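Listed after this line are the structures, all set down as C-alpha cells.
Okay, so chain A shows up in both of these, paired with chain B first and chain C after.
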Partner chain A sequence: MSAAPKAAIALLVLMALVPPLAAAIGDPFLTVIATRMAVFAIAALSLDLILGYGALVSFGHAAYLGLGAYAVAVCARHGITDLVVQMAAGAGAAAVFAAVSGAISLRTRGIYFIMITLAFGQMAYFFFVSLSAYGGDDGTSLAARSTLLGRDWLENDTAFFYVVLACLALAYGGLHRLVHARFGRVLIGTRESELRMRAIGYRPFRYRLAAYVISGMICAVAGVLLANQTEYVSPAYMAWTRSGELIVMLLLGGIGTLAGAMAGALVTVGLEELLAGWSEHWRLGFGLILLAVVLWSPAGLAGLVRRLLPGDRA
Partner chain B sequence: MTLLQVENLRKSYGALAVTDGLSLSVAEGELHAIIGPNGAGKTTLIAQLSGQLAPDSGTVRFGGADITRLDMASRVRAGLARSFQITTLMPAMTALENVALAVQGRSGSSFRFWRPVAREAALNDQAMDCLAQVGLADRAGRPAGAMSHGEKRQLELAVALACRPRLLLLDEPLAGTGPQEAEVLVGLLAALRGEVTMVLIEHDMEAVFALADRVSVLVYGQIIASGTPGAIRQDPAVRAAYLGEEAC
Partner chain C sequence: MRMANLFLLQLLNGAQFGILLFLVAAGLTLVFGIMDFINLAHGVLYMLGAYLMAMFALATGSFWLGLLLALGATLAVGLVLEWAVFRRLYDRPHLDQVLATFALLLILSEGVKILWGSAPLNVAMPELLSGSVPLAGPLRYPVYRIAIIAAGLATALGLWWLITRTRAGMLLRAGASNRPMVAALGVDISRLFMLVFALGAMLAGFAGALVSPVLSVDPGMGDQILILTFVVIVIGGVGSVKGAFAGALLVGIVDTVGRIFGPIWLKLVMDPAAAAQAGRVLAPMLIYLLMAAVLSWRPNGLFGRPS
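Take a look at the complex of A and B:
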C-alpha cells in the first residue's frame, strides 16, 4: 500500500478514537467537533474529485451541501424521517441540479467555469432564501434528528458521530476506487491534457459531467449529515463563502489527493474552533496559516507529508 | 488504393489563407512526407485532418467515407491517429499510463468505477508492446513530465501507435531531438513503414528522402508539387520555392 491510503486510514482510525477520548477527559464537545470535521471531510472529498482530479474549479459547491440539508427539512416536513431515504432524496436532487448546471457550465473552461458555477450556486442560494415555507433567510430548525431503521439512535451524539464517520469511510473508500479505476484515469487525463485526450479518442465532456454529478451527490450526503449535526437548516450553508471555504480546505490539505482533502477539512474545522475560541479575529490568524502553507508547501499538508517520507509516491 | 483524399481544403485566419485550396491523396501503405517552409500551413493541415480544426470548405475522405464533419474522437475510432509537433502528453502520468490510456480508449467502456485500472493486464501488456516498439520499455514507470525531450518524442509516437491507426499523422516527430535520438526515431519510422500508412511532416531532409515513398511540397497553403523523392529533388519549381536554400 502506498502512503496515501495509509494516511487516510490513519486519519479515520484517529477520529474513531475521539469519543472514548472525549469521555475520558469529560469533554463531550470534542465529539461534536469531530462530527463537524467528518461532515466537512466528506464535502471536501467530493470537491476534490472534480477540482483535484478533473481540474474543474467549482465555486458553487456549497449548493450541494444546502440541497442535502434542505432534503432533510423537506422530507421531515412530509413525515419522512429516515436518514437513508433523506440521503437518497438529497443525492437525487443534487444529481438533477448537477446534471443541468454541469451540462451548461462544463461547456466553458477556466475563469468562465468558475463564474458560472458561482452563478448557479447563487441561484440555489437565493431560491432557498425566497422559500418562506422553510424560513426564508433565517432557515428553519429541525424538530429532531433523522431516524435510522425506525429508531432515534442519532439523538445520541456518539452514535451520530460513528454514523458520520462510517459515511466518511465509505466516501473515501468509494472515491479511492473510482480515481484508481478506468474512469479516474480518464478524468485525470482530462486534467493533464484535454487535447491529448481528444487525440486518443475521448470526449472529455461526458466524463467531466459524470464526475460533476457524482461529486454533487456525495456533497449532498454531507449536507444531510450537516443538517442533522446542527439540527438546523438555512441558506447560509450554500453561501458562496462556504464554497470558498471548501476550496481552502483542499488548498490546505493538498489538491488532488484524497487523504489531503480529508486532512484539509479536519485541520480547517479544527483551526476554526481553536482560533475562534481564542479571538474573534481568528480569520486573520487562519489567513496567515493558509498563506504559510501556500508559500512553503504548495502541495498542502499532503505535499509536506510526502516530502517528509521520501521514496514513497503517494 | 487511396486511403486519404483531401479535396480543395480551405482555412483562413482573417485575410491569411493558411490552407488555400489544398488537395492531396495518400495511398494505403505509403509513407507520404509533406515538406514546406516554416509557416506554410503544415500543422494547420494536420489539425484539419485530425478533426482538431474545422476547415472553412473542402472535403476530407478517409477509407472512402467523408469525415469532414467528424470530431477527433470519431476519427480516432475510424483509424486516424496523430502526434504533435509540440509534445502533448500527460506529464503527471507514467509513460506506461500515458500509453495504456490510449489503449483503453479503444478497449471497451471507460465508465468503470471500481476495478483498479493499473492491474488490467490487457491494457498494460498492449501498452508495454508499444513502449517496447519505440524503445522505451525500460522507461515505463517514469512520469512523462520527467523524461528527456527525446524520450518524450518517442512516447508521443508510442501513444499514437497505441490507437492502432490505419493512418498515422506525424507532425515533426524529430523536432528538437539530438542526432542520436533522431537516429532512433528514423529507425523506428523505417520499421513501421509498410505496416501503417503515414503522413510525415518533417524539416529534416535527410530523413524525409530516406523514408518517404512520396513527397508533397506545401508552400503558402498549397501543394505545389507531389511525387517520388527523386522527382521532387529535380523539380525546378520546388528548388526555387523551397529546396533552394536547404538542399543545394
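Take a look at the complex of A and C:
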C-alpha cells in the first residue's frame, strides 16, 4: 500500500528535474515532451478513477479533453484569458455533459456501456466538427497562451511546465485521498460486487455518477492545459482513437493504481514520440506492442516489473 | 410536389445506407451475442473489403470477378484473425478485448496505408448496373443503388433462413443462449465461433466491396462505419439480427433525411441563417440523440433481451 505513493512521488520529482536537465544538455524540446506527458498523465489519472476503481470502461473520455480545450478557445474569444477561470469554465461544461451523458450511460452495463460512452464521445466530436464559428473540422489556433494572475508567465515553456506539473501533483493528491476515503471504498465495493453493496444499503448509481462527473471535470482541466501547450484547438483532441489511447495508457501502467496511470501516460507519450521519430507509420509498431502486452502481460508494465522483481513489493 | 420527390429520394438513399450498415452490423451483433465479444477491428474488415475489391477489380478487369475474389479474401482474413488473435480473447474481460482489437485496428489500418497509400481509390461501376431508371415523374434513381438495396435485402433474407431454418442456425441460437450446455451436448463450439466470425468478416467485406464504386475508398472509412454500427447495435439490441436490421434502417434513414430536411424544417420555426447553422450542428448529432432516447426508454435496445 505504501509503495504506490512513494512511486508516484518519485515520478513527480523525476519529472521536476527535466527542465534543468534539458537546459544542461541544450535540448529545450525535452521540456515540451515532458509537458505533454504531464498533461496526459492528468487525463489518465481522471480515467483511472472510473475505469480502475469503478470498473466503468468509458470509451468516450477524450470528449472531456476536447471540452477543456474548447473552453480555452471560447473564453479567449470573449476576452477571458485567465487560466483559472478557463479551467473553471471547462470543468463546469464537462460536469454538465458528464452528468447528462452519465445518467443515461450508467443505466447500462458491460458492452452496452462501452458502446454508449463511445457514441456520446462521437456526438461531442461531431458537434465541434460542425461548429464553423471555431474552425469546424480544422480547429482554430490560439492567439496566445492563457494568463495567470494577469501576467503572461505561461509563455515561458519552463514556467508552463511547472504549472502543469503542479496541476498533476494536485490531481494525484486529490484522487489519492478520494480513493482512500469512504467514497473510494464504496466505489471499489461496487466494482467488486454491486449486489453486496446494495444489500448493505448503498445506491451504486449515485456513487458511479459522482465519480463519472469528477473524472470528466479533471480531464477537462487536462484539456485546458493541452490547448495551452499546443496553442491550438481542434476536434481531433476528442477523436475516438484518442479515448482508446487513454485506455492504453492505463493498461500499460497497470489499471487501478494511480501511480501506474501516471507511469502509463509517460510511457505511452514517450513511445509515440520515439516511434513517430522513426517512421510515419509508427501506429503499426505501437499496435504490435499493444497487442503483445494485452496477450501476454495483462497487468501492464507494472505487472511485468512485479513479475521480474519478486519481493520488491509486498 | 418537388418536396415530396426530394423526400422520396432521400428515403431511398437512407434505406440504401441503412442496408449497408446492416451488412456490417449483422456480423458484429452475432459475435457480440454469441461470444460476448467486442470487436473494434470490425470496421477495418469493411475497409479491407473495399480495398481488396479495388485491387482485384483492377487486376482482373472485371467487377464480378473482383467481387468474388474480395469476398473470398475477407473470409480468409476473418479466419486467420480468429485463429491468430480472437480465440485467445474470448475468456478475457471486455477491457482486454477492447484493447487487443484496438491494437489490431491500428495495425491493419496502418498496414492498408503502407500497402495502398493514403490517397483515395476508385472502383469502376459494372456496365450492367450503371445508368438510372425512372422512379416517379421526372425523378430518376441510379440502378447501382437499387442493386445495393436488393443485394442487402437478399443477404438479410439469407441470414434469416440460415439462423431460423438450418441446423447450423439452431446451434448458433443455442450457443447464444447457453454456451456451456451446447458444448456439453457434444458440439464443437470453437469451430462454430470460428465460422460465425468468418461469416461476419465476409459480410463486412461484402458491404465494403459493394460500396466501393459509389464512395471513394480511403483509410478512414472503417472508423466512420464502426461507430455508426455500434449505434445500430445498441438501438437494435445486442445479439439480435432482427434488431440490427431495424436499427440499421432507422439510423440510415434518420441520418440521411435529417441532414437534408433538418435545416428545411428548422426554417419553419426560426430565421434562415440561424436554421442553416443549427441544422448543420444538429444533423450529425441526430442519431446519437435517437440512441439516447431509445436507451432511456429501453436500456437493452428495441429487440434486446433483458440482462
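Side notes on the structure shown:
Rule of thumb we're sticking to: the second predicted complex is superposed on the first by the 300 of 314 C-alpha atoms of A that agree within 3 Å, B and C clash if a C-alpha of one lies under 4 Å from a C-alpha of the other, contacts with A are read in each partner's own complex, and residues count from 1 in each chain.
The rule is short, and it goes like this: a residue touches a chain if its C-beta (ideal position, glycine included) is under 8 Å from a C-beta of that chain, and two chains touch if they have at least 3 such contacts.
The structure presented is a predicted model; accordingly, all values stated were derived computationally and were not measured.
Annotation: superposed three-chain arrangement on chain A; chain B versus chain C shows no clash, the two fitting side by side.
When both complexes are overlaid on chain A, the residue A:84 reaches neither chain B nor chain C.
Of the two partner chains placed by the overlay, neither chain B nor chain C lies in contact with A:10. Once chain A of one complex is fitted onto chain A of the other, the partner contacts of A:207 are limited to chain B, with no touch recorded for chain C.
By the touch criterion defined above, A:170 lies against neither chain B nor chain C after alignment on the C-alpha atoms of chain A.
The larger set of touched chain A residues comes from C, when the choice is between chain B and chain C. When both complexes are overlaid on chain A, the residue A:109 reaches chain C alone and has no touch with chain B. With chain A as the corner point and C-alpha centres for all three chains, the angle toward chain B and chain C works out to 80 degrees, nearest 10. Note on the superposed arrangement: chain B and chain C approach each other to a least C-alpha distance of 13 Å.
Chain C makes touch with chain A in their complex at residues 32, 36, 38, 40, 85, 88-89, 92, 94-96, 98-100, 102-107, 109-111, 113-114, 223, 227, 230-231, 233-234, 238, 277, 280-281, 283-285, 288-289, 291-292, 295-296, 299-300, 307.
On the side of chain A, the complex with chain C involves touching residues 51, 57, 59, 104, 107-112, 114-116, 118-120, 122-123, 126-127, 129-132, 240-241, 244, 247-248, 251, 255, 281, 283-284, 286-288, 290-291, 294-295, 298. Those residues of chain B that touch chain A in the shared complex are 50, 52, 71-73, 76-77, 81-82, 84, 88-93, 97, 100-102, 104-106, 109-118, 120, 159, 162-163. Touching chain B in their complex are the following residues of chain A: 177-178, 180-186, 188-189, 192-193, 195-203, 207, 210.
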